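What follows are several structures.
Next come two complexes built around chain A: one with chain B, the other with chain C.
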Partner chain A sequence: MDVPSPVEELVVGTLQVVLVLLVAPALLGITKAVKARLQYRRGPAVVQPYRDLAKWWRKESVESEAASLLTAIAPALVLAAIVVATLLVPIVGDRPPLTGWGDLLVVVGLMALARFVLALAALDAGSAFGGMGSSREVAIAALVEPALLLALAGAALAAGSTDLGVIARAGAAAGTAWLTPALLLGAGAFAVVALAETGHEPVDNPDTHLELTMVHEGMLLEASGPRLAILAYAAELRLVLVAGLFAAAFLPFGIASDVAPLPLLGAVAAALAKLTGAAVALAVVDATVAKLRILALPELLATASILALTGLAARLWLPA
Partner chain B sequence: MGEADDVIDHVAAEALGPRLADEVGGGGRFVMLVGLDERGLGGDGLALEAVAMRPGVGLARLRADVPLTAAAYPSVTPLVPAAHWDERETRDLFGIVPVGHPDPRRLVLHERWPRGHHPLRKDVPAGERPPAAERQFVPFEVHGEGVYQLPVGPIHAGIIEPGHFRFSAIGERVLHLDARLFFAHRGLEKLAEGRTFAAAAPLVERACGICTVTHALAYAQAVEALTRTEVPPRARWARVLLAELERLYNHVGDLGNICAGIGFHPGISRLGWLRERLLRVNDGLTGHRYLTGVVAPGGLVFDLDANALAALPAILDDVTVELASAVRAIVRSEGVMARLHGTGVVSRETAEALGALGVAARASGLDLDLRRDRPYAAYGELAVDVVTAGSGDVAARFHVRAQEAQASLHVLREVLARLPGGRVVVPLASTPPPGDSALGAAEGPRGASWTWLRAGAGGTIDRLRLRSASFANWPVVAAAVPGNLVPDFPLINKSFELCYACTDR
Partner chain C sequence: MPTASAVISGLPAALVVTTTVLLAVAALAGLVPGRTGRRMAHGLAGLACIGLVGLGISVLATGETATLRAGSVLGFALVDIRVDPLAALFLATLGVAGAASSAYGIGYGSTGAHMPAGRDRTTVAYPLFLASLALVFAAGDAFAFLFAWEAMALSSAVLVVGARPSGSVARAGYFYLAFTHLATAALVTAFAILTAAAGTSSFAAFGAAAAGLPRLVRDVVFLLVLIGFGTKAGAMPLHVWLPRAHPVAPSHVSALMSGVMIKTGVYGLVRVALEVLGPGPEWWGLLILGVGVVSAILGVLYALMEHDLKRLLAFHSIENVGIILIGLGIALIAAGAGAAPLAGLALTAALFHTLNHALFKSVLFLAAGSVQDAVGSRDLNVLGGLARLMPITTLAFAVGAAAISGLPPLNGFASEWLTFQGLLSAGAEESLTPLARSAALVAVGGLGLTAALAVACFVKATGVGFLALPRSAGAAAARETSRWMGAAMLALAGACVAVGLAAGPLAAGIGEIAAGVVTGEPVPVTLAPVPVGPGLGGAVYAAGAIGLLLAGIALATWLVGIRPRAVRRAPTWTCGIEPAPAFEYTATSYAKLIRLYFGRILRPAREIAVELHPGTPFPRTVRYRGEATHVIDERLYGPLHRAAVGAAQLARRLQNGSLQLYLVYTVVAVVILLVLAR
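Moving on to the complex of A and B:
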């Protein structure tokens, strides 16, 4: 496989950066629109999240009296961590924009960093709901992260590398042979974990107004104005990141390896199709599933871990 | 009805508690405590009346005089716990102190109201705004290692009524819940004083937006008992129709709200849409989606729309099928039922002691329903199925509601088949002598709501008290929560789905 020139890499990388940053709010818009349809509602327009971001951006930020410097810098830190993580995932081309800067462990670590900073910022405001949201988020995260790594480990083992670009290339080259039973178990585990990671049912209800049940929204209750806009945008981007991670590891088909207009166009279309698919799937789950009792969440996430472990065991001990 | 209630037992203030305890201990049920200022009728002091329902249809009414200065009496709450909020309310509004009450904090008038200001006393003009006092609310909190306090409301993230909930929790486990209401206190009872019976009716009806028929009915029946007015048959049957329509849309909506408590959207959507259909039925029949302005003393303000009435049977059939199907879909969802079972348990003993009413009582095994136990309107000529359950949890309240909604549909069909013709309203038959009093009651979607009414001079109101089922049931909610998880509170709360406005008045 020939290594693309720096210019070609720049073109593909820029394409992914622009695409990801632009479509992130639309993904949330699609989820909301599909969900509304499934609930016999007309629902907001797909572009509503863009309007919301613009609205919050224009408003002033109201700050808690208890807030420290952390409240001021947390939104930037959260967004930076998520943006860098998306640049490490091959979404359009098979070489992510920041090729060589980090593997899937770094991506998972950056996601954890974003969550950690957000949880701290939510505590910083000194309100009970922020603290409650933080404590729940961190408790869930402790179960999500190992399950996430285990789910991705199957793909990494198959490709012989934890570099997401290598994994995506291996998958794209293998075609349908990539989807071994072991890998599908990992994909199933990842899907369950993704619901927790993106704050959807049955783990969290992103549409609720019931403060006492909130997890992610609870942490955002004290944020307002541009800070809320940044944190909301980071959450939208996280959805792209998780969907992109899933696609890179388990469905790396249609990804561009050539830098020519036609393959690139196809790759963009494939990426959009995968992201839209993820948004629709989330909407369907949200619209049909009830929230789990919070103390039952460990069981759900443990199930995901066991699913992933089974996949790993199958790969290691069963004949290929 | 009213006629049988008219015997008032005069007792000494010290004997009020023991006498009431005898009534309740002998199979009766506590109904309410009413504070009175006798100066409006030429007397010179205050009084208290305790009402209990005796087995059968009779009421026990125990009245005790209380002096104006140093107004106090031995609290009845230690003997009859169901009276605890009534006593606190009477203390706030009349300054009658229940000595030995286990929770002597303010209830209706929050701490910012100055000491010594008791608005329901006759020497306080309606609408007076005394200067605010510099006192703070002292919540009941549990302290200890790892225990934290979680204040919620009165302003919430959603568009709901105002209430402040103070949780003491350890981890996600609630140790104690202190509910503080009465943010929506409008002084309706004071406003009604001096009005004619007809002029007070719209006021009573608007105590709450979704129990309008219940309140209007309880009030109209108190007025009719007081004025010896015989309501024409068509109005009596139409009142049953309206009351059941109100129960139906409330129950359907409340079943959907239970789904909202756990984020189960199929239930929310289907039942929300079904409720909307029922509201449109209401609109067609009466011109008002929430049935306001129809029931009035003497009958109905106007007859029901004939076309809408003719279309009703077919709609009811549709609703029956869709409701059964939606409920089946909810009950078959394992994830939903896992959340409902064992959550927010109210034991039969607790429900009994705190005087729970309606669904809250029946789901804990208390077999009571005014439609059967003290029939009014045309309920005496109808067979009403009283649905009970034993487990007292959210699931029990869900099932009781679902079955009651189907029973309501059954009653509605029977009413449509037997609805007599004729006029729907008569003038009030007489002007009651000042000092005469009567009670009216109706079994609403949340249980029995009572109106206590006393006539003043020339057909006006001397004193009106509204005691809604929500008022009776709020302390039961607070008792249902400890031991449960913090994020389960909305679900538990929604399984009662009480009104704030008709509690606060």
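Moving on to the complex of A and C:
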């Protein structure tokens, strides 16, 4: 493949930035709408998340008297980390907007940065709910991160690089030959941890504010007004990020390596289809799977790690 | 090889002499009683540390090994200083951490009640400790090295017990001395074997001599070196002294012990295991890799169970040494398989993490010391609310916490990125055996677990210790630390940020040092404006660009969405009750889920004692005590300890105090000797 000119790169990059930033709340809307239909409810409109964001944006923020400066700056830091991570993932074109800035390890690191800041800010108001959400979030993350890294390591070894652009390109070029048994095991592991990473059943319930069950919502409990809008938007963007990461590593088909208008349009359609597919899949899981007891989570998430390790072992020990 | 009296000239020589003189004067100044002596000693020591940074940089810039040999006793050099690029890197690290710690030491104790009256032994020991650390890195000869090694152990032992020699502190010091002598015994044996083979005690001659040793002897030397340096580094299962000794030392000494002293073990392993002995068989590297993974995971798990801030940090030192050993293990495996680029990458990761850990662990210990000074306790459960009372200390601690958690764009992430790349590249390296490749990939999961648990632990330490409402009267009355201490902490926190943003050029420079160790041909170190990398398949991490973009987006969000918006302050909603610190999660409750998730390893023990109001079902007091069981302490050292005591009991029967019996022993011994020496 020829290296595209800077202008072409800019066009594809800008297209992805605009697409991702605009479409993120809609994914949450799709998940909620599909889930409602599956539960025989009418449910909110797909655009409801946009309305929520607009509503919170106009309101005032209420801050705890116990809070430090961190409560005010945390939303900005969380959003920045998630936005930069999203820009490192090839979603529309096989060259992500920030090509050459970082690889999948940087994406995982930025997600950890967002988690660190959010979990810390949740403790700032001195409320028991914040502590609950925060301590659960970091404990679950400890089970998620090994599985996430091992799953992505499978794709990295298959492509011979940890650069997500290179991985997506290698996968798109290989076609269905990309989906070796080893890689599929990794994809399965990633799918399981994606549920945890985006705060969905059976790990977290995105719809309740019941202290017995909540994880992510518990951390947002003290946020209000524009700060809540920023944090909620960051969570919506995180969904796009995780879905995009999955697509880049395991389903990179239809990604654009060309900047001609027609292939680019096809790539946008493919990206939208994959993201919508992820949103619908989450809704189906949410509606059909019961929440696991929080003490039973290690079984689920350790299974994911073992799936991923099995995939890696298959790559090393089985004849190609 | 320079002859007996080759003397280095120019800048390095001047710096060696200046530093030595400054430290000697500092130690003498420490004899002056009271605050004056304290300030002079620490001030002069700080200047000497700046000299060490200069010495390190001057050697790195030329790539030429600076040697200084003088005098001769029985054919051994009296003074033998040899600073090659590897030693220069460690000396520069010592210089930076030492300068900050010394500046902190100038102000330490001036605000709180911890200033001992009269002459303070620690003030004399401190410059000597720094000097011995410097000599460990600069020694070109096994004798000089062991001399410095022992001086370092003894001076630091004085620093550990000197300030407040109460029962538990004295016990910690005793523990520390016992283990450090175990390390020395192993090293003396190893160096004796190498000296006998080489006919000289100079490190430079060891390499050629080691190559000629039989395989079994080489293996024995490797194991001795691993025990000796592994103990000092705090690698599991030889770590048990570390969480006992580090917390009780004055905080700027804890910073140096955790930040630099345990790195002498890392330095020794690189110098002897990799440079002198290596390339060795695969199991050498696999063993170090295994020790690294176990130390990393167990270190952070035990840290999570701690609520003593400095003990928590001490366990994190074990974790970070584990991460360093992971890189070192891969480097050894790759060197043994002839994969020089991979060995260089993994060693770069280990050396870079060594530097980074010195920076962030120092700032964390200094901040913990300020907290102890201001609140009078290091128990996280009685801290809290310090963010508004001690903003500088909190900022420094938070930056250190983010850095040690391996979060971009700070320095810890850059070296962890390189370590991950080393592991993944080893997994992809065709010239390694499938066993080594599998081990590297399993270690990816282990390192990922470690990183996530480190995030959990530092959210706990920062959140419980510094945020929300003060949990005790002491915390509510806390005041910001003195100017010298604040400046030292901010300088180190700034260094964490700066090294994080400049990680690309620095990693490239350290990569040249690492390549020099692997190939044996050091070159001048240059700093190229490149991203961190390249890792597997040319992947890179553009640290500076990512950092600036993060800051830019965060600033824009702040300016648009947060700063201009209306904010009302109100009490936290606690279901209608007056908000109180009792509602906050404690350090213990925060880690509860992890305690349960990893119960198989941690085997938590707890006891709850409830006392009721007489005649009612209502509790008057509830006492909770819970702690993790330390598997290694219990399963390994418990039986060892019992066996040693049992053996001592048996031996005691020989000593019944009767003079006649002792004379019989003597006669029997003499007869046996005569028979044997016949």
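One rule holds for everything that comes next: the second predicted complex is superposed on the first by the 319 of 320 C-alpha atoms of A that agree within 3 Å, B and C clash if a C-alpha of one lies under 4 Å from a C-alpha of the other, contacts with A are read in each partner's own complex, and residues count from 1 in each chain.
By our rule, contacts are C-beta pairs under 8 Å (C-beta built on N, C-alpha and C of every residue); 3 or more make two chains touch, one makes a residue touch a chain.
Small disclaimer: the values here were computed from a predicted structure and weren't measured.
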A:M132 contacts which: chain B (first), chain C (second), both, neither?
both
Give one of first, second, both or neither to describe whether A:P298 is in contact with chain B, with chain C, with both, or with none.
second
Touching A:A313 in the superposition: chain B (first), chain C (second), both, neither?
second
Is A:A112 touching the first partner chain B, the second partner chain C, both, or neither of them?
second
Check the residue A:A287 against both partner chains and state whether it touches chain B (first), chain C (second), both, or neither.
first
Please indicate which partner A:A249 is in contact with in the superposed arrangement: first for chain B, second for chain C, both, or neither.
neither
By residue count, is chain A touched more by chain B or by chain C?
C
In chain A, both chain B and chain C touch residues 128, 131-132, 294-295
Show me the residue ranges of chain A that touch chain C in the complex, using the header's touch definition.
57, 60-70, 72-73, 75-77, 79-81, 83-84, 98, 100-103, 105-106, 109-110, 112-113, 115-116, 119-120, 122-128, 130-132, 134-136, 138-139, 141-150, 153, 156-157, 159-163, 166, 222, 225-227, 229-230, 294-295, 297-298, 305, 308-309, 312-313, 316-317
List of chain A residues in touch with chain B within their complex
35, 38-41, 128, 131-132, 201-202, 205, 207-213, 221, 286-296
Can you check the complex and tell me which residues of chain C touch chain A?
385, 387-388, 394, 398, 402, 405-408, 413, 416-417, 420-421, 424, 427-428, 434, 437-438, 441-442, 444-449, 451-453, 455-456, 458-460, 462-464, 467-469, 531, 535-542, 545-546, 549-555, 557-558, 561-562, 565-574, 579, 581, 583-585, 589-594, 596-597
Per the touch rule, the chain B residues reaching chain A in their complex are 148-152, 156-159, 172, 259-266, 268-270, 273, 333, 335-336, 338-339, 485-490
